[in-house]
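Got a structure for you, written out below as structure tokens; questions coming shortly.
Labels run A, B, C, D, E and F following the written order; every chain starts at residue 1.
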Amino acid sequence: MRIDGRSNKELRPIKITTDFNKYAEGSVLIEFGDTKVICTASIEDRVPPFLKGQGKGWINAEYSMLPRATQTRNQREAAKGKLSGRTMEIQRLIGRSLRSVVNLKALGERTITLDCDVIQADGGTRTTSISGAFVATALAINKFFKGKELPQFPLTDYLASVSVGIVNDKALLDLNYREDSTAKVDMNVVMTGHGKFVELQGTGEDAPFSKEEFTELVDLAESGIQTIIQLQKDALGDISKKIGV
Amino acid sequence: MRIDGRSNKELRPIKITTDFNKYAEGSVLIEFGDTKVICTASIEDRVPPFLKGQGKGWINAEYSMLPRATQTRNQREAAKGKLSGRTMEIQRLIGRSLRSVVNLKALGERTITLDCDVIQADGGTRTTSISGAFVATALAINKFFKGKELPQFPLTDYLASVSVGIVNDKALLDLNYREDSTAKVDMNVVMTGHGKFVELQGTGEDAPFSKEEFTELVDLAESGIQTIIQLQKDALGDISKKIGV
Amino acid sequence: MRIDGRSNKELRPIKITTDFNKYAEGSVLIEFGDTKVICTASIEDRVPPFLKGQGKGWINAEYSMLPRATQTRNQREAAKGKLSGRTMEIQRLIGRSLRSVVNLKALGERTITLDCDVIQADGGTRTTSISGAFVATALAINKFFKGKELPQFPLTDYLASVSVGIVNDKALLDLNYREDSTAKVDMNVVMTGHGKFVELQGTGEDAPFSKEEFTELVDLAESGIQTIIQLQKDALGDISKKIGV
Amino acid sequence: MRIDGRSNKELRPIKITTDFNKYAEGSVLIEFGDTKVICTASIEDRVPPFLKGQGKGWINAEYSMLPRATQTRNQREAAKGKLSGRTMEIQRLIGRSLRSVVNLKALGERTITLDCDVIQADGGTRTTSISGAFVATALAINKFFKGKELPQFPLTDYLASVSVGIVNDKALLDLNYREDSTAKVDMNVVMTGHGKFVELQGTGEDAPFSKEEFTELVDLAESGIQTIIQLQKDALGDISKKIGV
Amino acid sequence: MRIDGRSNKELRPIKITTDFNKYAEGSVLIEFGDTKVICTASIEDRVPPFLKGQGKGWINAEYSMLPRATQTRNQREAAKGKLSGRTMEIQRLIGRSLRSVVNLKALGERTITLDCDVIQADGGTRTTSISGAFVATALAINKFFKGKELPQFPLTDYLASVSVGIVNDKALLDLNYREDSTAKVDMNVVMTGHGKFVELQGTGEDAPFSKEEFTELVDLAESGIQTIIQLQKDALGDISKKIGV
Amino acid sequence: MRIDGRSNKELRPIKITTDFNKYAEGSVLIEFGDTKVICTASIEDRVPPFLKGQGKGWINAEYSMLPRATQTRNQREAAKGKLSGRTMEIQRLIGRSLRSVVNLKALGERTITLDCDVIQADGGTRTTSISGAFVATALAINKFFKGKELPQFPLTDYLASVSVGIVNDKALLDLNYREDSTAKVDMNVVMTGHGKFVELQGTGEDAPFSKEEFTELVDLAESGIQTIIQLQKDALGDISKKIGV
């Protein structure tokens, strides 16, 4: 049994609170166990310079942790005056992932900015962020769609993400912080509702891994992601019927 | 009547949720109406260089708003690479205010860092931050005190803060954002449980104010602060008996 | 008697040298005892982006100390690559104060930038800066007014500032550095020629203060400011007749 | 046939020039077709703070492109004053990859810094950097080993990297820039001499990919990496016998 | 005899490899002994703001050293987040020097950016950069000239640079690093093909120098520069006939 | 005749006010016509890391212009967050120049920081700064010498600087701003009291110059520097007898 009592193939309790923020076009508080992330989706009528005049939109993400999201306090990046490599890597990953399920033409010349702010971190903050950002995006898009501002619902598929890893020679789903920090191999997987991969990032810094281990981990992630997508559907209610249509 | 139905001398509904964060020595989620701030107090066994070897501690504060705490999205200061003047002014104010009620000698060579992260902003974020930071500080100090790490309870008094202002020629208590943005005069007041002033900052950029107006505003703030301190006592329960003893 | 021989209610010797700088539209060297500040007012035909096309102007201030303005050398902010919180706080205060007595509509789409450079610091640099910046602003505006570039003289009132504080239980006017560094309470007051408050900032970090102490300090500041405004009038000569008309 | 005449499973011509730099402990110029990278390995007798006194070493990487390595000139990151997210992501990847085949204990309290400077870029600069950095590391370590400064040869395995991707529905090995910019899926694979994975990063921003496609790509990468490792062995000559022993 | 066997008036072996870079409009690898610099000239259809609409072009230079160009590794300026004073001084010098032999009117509203990247440094990197940048500029301009994009060949003269200095009381031509670091006086000279001075920078930090010493050094530099210009002509072949016509 | 009525070989009126600053170890206000610079010399008991434990001192310079030192306002470098290349070049030049006449061993492990703050600029700010910094240095050193803190007077010679240039084909001494901006050739010369050169920087960006022109300019500078050194001696009075002894 795992330190928090789960079986190897079990997700942590997941909770998605929609409309957590009063002002954002779309927002959720998403919790994977003790990992808690506020995801807001803000839609603005502008696109980055490289897209001007092309009739299509853009999706951008920013990620941050509150200084005391973790066991010991971290220095604020705003105080340091620059983003860490880790932060940049994560926000690029979130943006790329979300763009893969949005029809940017159907979005028109608009930018959706996804802000993922981790208020408590117990492992898997980037995968939790992606899973929450998807719901925030759907809520924001729905608000515009209902306002007749979009000709077509621009979300082409569901999207969720989870981490998997090998700890003490066992493949585990949805690592918490203590598991993550002792994992020999860890992998973040982003998949669509149709079971296709958007991102696969496996790293074996402490111990390279074999093709068999890799396959086992991917299968484990796939099963977890199906469950998460079901929870996203529950959270979105009727909106879920417009996605991928 | 005010836009949100309050009388001129009425505070917004205030809610203080203690131990909102799993890791911090002390933490609260404090809400003044739609203004919501997470305050965490982190205690570390170090002091800034200018205090080394003097046998006394320090209190420092950092303040930030999530990008979508406001009606339109603000750029992150971490992305801009520097803190705004407004942020610096606020975090200096929070730190100074809290230091006024902590016996830094009794704290020993420790630093308490107060992180005030505004997750939703509807006016009064700096005064809400101070009122919440006080409770987080009390919780953190109590944790150390119970662990026998402090010879004496180092909190010397209660501390709370509220904003007041003149809107349409009326003195109002606890301005929300729409009131604040049309106020001719606005003032932030920080007071102790014994009714003494720690900070008084009044500004009449749009219309200079008279001594009479000033006195009326200060009295209004005083009454509001007494109510807030009572709510802090309720939130702290038994701990409140150790303060100022 | 005070360390420099003054009575408690006495200002330091004040000297205002107008047109200290050959190029600026308005300039002074202002001295409060050993505190010496060069204030220049530069008028430019542009406004910040948020004011474009609104037919009104803006006033902005920047503040800096030469590295050896103080007893020990301070590192240059240009070398550190960022402004300190203290600097930002002060320049925001100067800008806000000056805007309160300028009719921005009458100024037209122009920006006045006030540069306050402290060449020697012996306490009260921010209040000295405000008092000097007012004279520099009046000189600059007069230059434009005489050139028929302004329909109306846009200065609506006089403006001056002074510090007051409680040192050894006595209320003192116009603190020098040694007094300032031992003051229990210190307050900066900005007032108009009509005796109204523009800014009131009192802080009792080391000892909270009562309403009575507060009132005494404000009265003391008021008397000092009246004297300073008289000296500003003397420095401005005939120009002073155009102010507030 | 591909635009440069290669078959789908064919690497570009690869050239490894050892000892390209006169001063570095180890260095190569590595060329994959028109992609040219100078890799230097610098060994210093210090470790980062988090490793002090633990008797083990560290490996760190930095990556940069000359401004005109590309078809149009890029702004220098030194001139912009910060590293891009892409640069940070790549240098973290190179460092992590190399650490996986170095016995950091056997290295002692030393840091190897790998500088990968792209002087011409035609796709695959990060994988080329990793493949070249391995050879530079081996040369640098050998220099110390021969100098009797290391008890044991600390390289535990070979390491190389290559990119693969799906372009026009075909799986291609070692993409050049034009292929890379039209790929629907692209993947970077880092493997050891024993055929284990160190990093697997697949991304399908434009089109999510299936498990079958993924498997085909990984197999293709594996075959390419075996060839690259053989070329590394040729370049290292006798040194290659000490690796992994 | 000098440490590398040269006579006092002898240059190091010089090698100019043209078209070293596949993409740049003009490029060379220039070597003065062990000092090796890649110089690329990029032509873009834009001018800096201060030149907009004046019908003339601009020349700008950037200079950088790879971290391990030197005997011990230097920190990257991109990682430090700012350029050193030395780098700024050198790139300003290169830009100024090249502008002196280009007819900016004949260039039209275009900017030539010269990137001088030192891949190995053994003294004289700034003078080597200037000598190489001239050839890269000529190649780039020729490419545009042949493309009928320029009415007239805008290079008005040849340009080269060399260092001279006094080491052990002897005047030496073209100092290498060891000579440079023990020189009492060192001077960088930039001259045209017609033997006129563009820049003369002599510094005697360790020992001020006399007018006689100065004259001897200048004469020595002049003879070296004539040789370098002959090598530039050889490298440019037929293009050399268009210069200064 | 020149625009300000001087002959070609005439300096502007020079005024050196010693002890201009109350706190600095040494200070002057130096004026060359309308160019006015405050130079302070601060002595601190520390040396930069690269000199620790070597028993010798260091001299460092910083240079800045007040924003309105010039005809139109310049942005503050502190606000921009970085020093310009011009500023860096100038402060490196001032430091290097002063170090050439100070016996750093005799100074002991101390650092003299020279702050040159231009309060009004009409050409020649760098040469005026050097000439003023010399006097400030002498005053600061004398203060320490009188306090018996130095075994020997560490100033080995006098030092002054002036600009010269060719304007309308005439060689002019001590250019003002209008002359400087139309000069074809300009040169800054730093010389010692014994007539030796410390720095010679000539630049002919707009028109390369011949050896004859160069020699004429150097001779002109030499005569001007002799006059300046005489004025420095007058300003220093008795202290001047200790220099170079």
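FYI, contacts are C-beta pairs under 8 Å (C-beta built on N, C-alpha and C of every residue); 3 or more make two chains touch, one makes a residue touch a chain.
In this text, all values refer to a predicted model and were calculated from it rather than measured experimentally.
Common neighbours of chain C and chain D: there are none.
In terms of the distance between Cα centroids, chain A is separated most widely from F. Mostly identical positions are employed by chain D and chain E in their mutual contact, as over half of the interface residue numbers are shared between these two copies. Rounded to a whole number, the gap between the C-alpha centres of chain A and chain E is 51 angstrom. Averaging Cα coordinates per chain places chain B and chain C 29 Å apart.
Of all residues in chain C, those touching 2 or more other chains are 81-83, listed in ascending order. Because contacts link each chain to exactly two others and close back on themselves, their graph is best described as a ring. The ring of touching chains, read from chain C in the direction of chain F, comes out as C, F, E, D, A, B. The residues of chain D lying in touch with chain A in their complex are 82-86, 88-89, 91-92, 96, 99-100, 157, 187, 191-192, 194, 196-211, 214, 218. Against chain E, in their complex, chain D makes its touches with residues 21-24, 27, 34, 38, 40, 42, 44, 62, 64, 66-71, 73, 76-79, 81-83, 87, 113, 115, 117, 119-120, 122.
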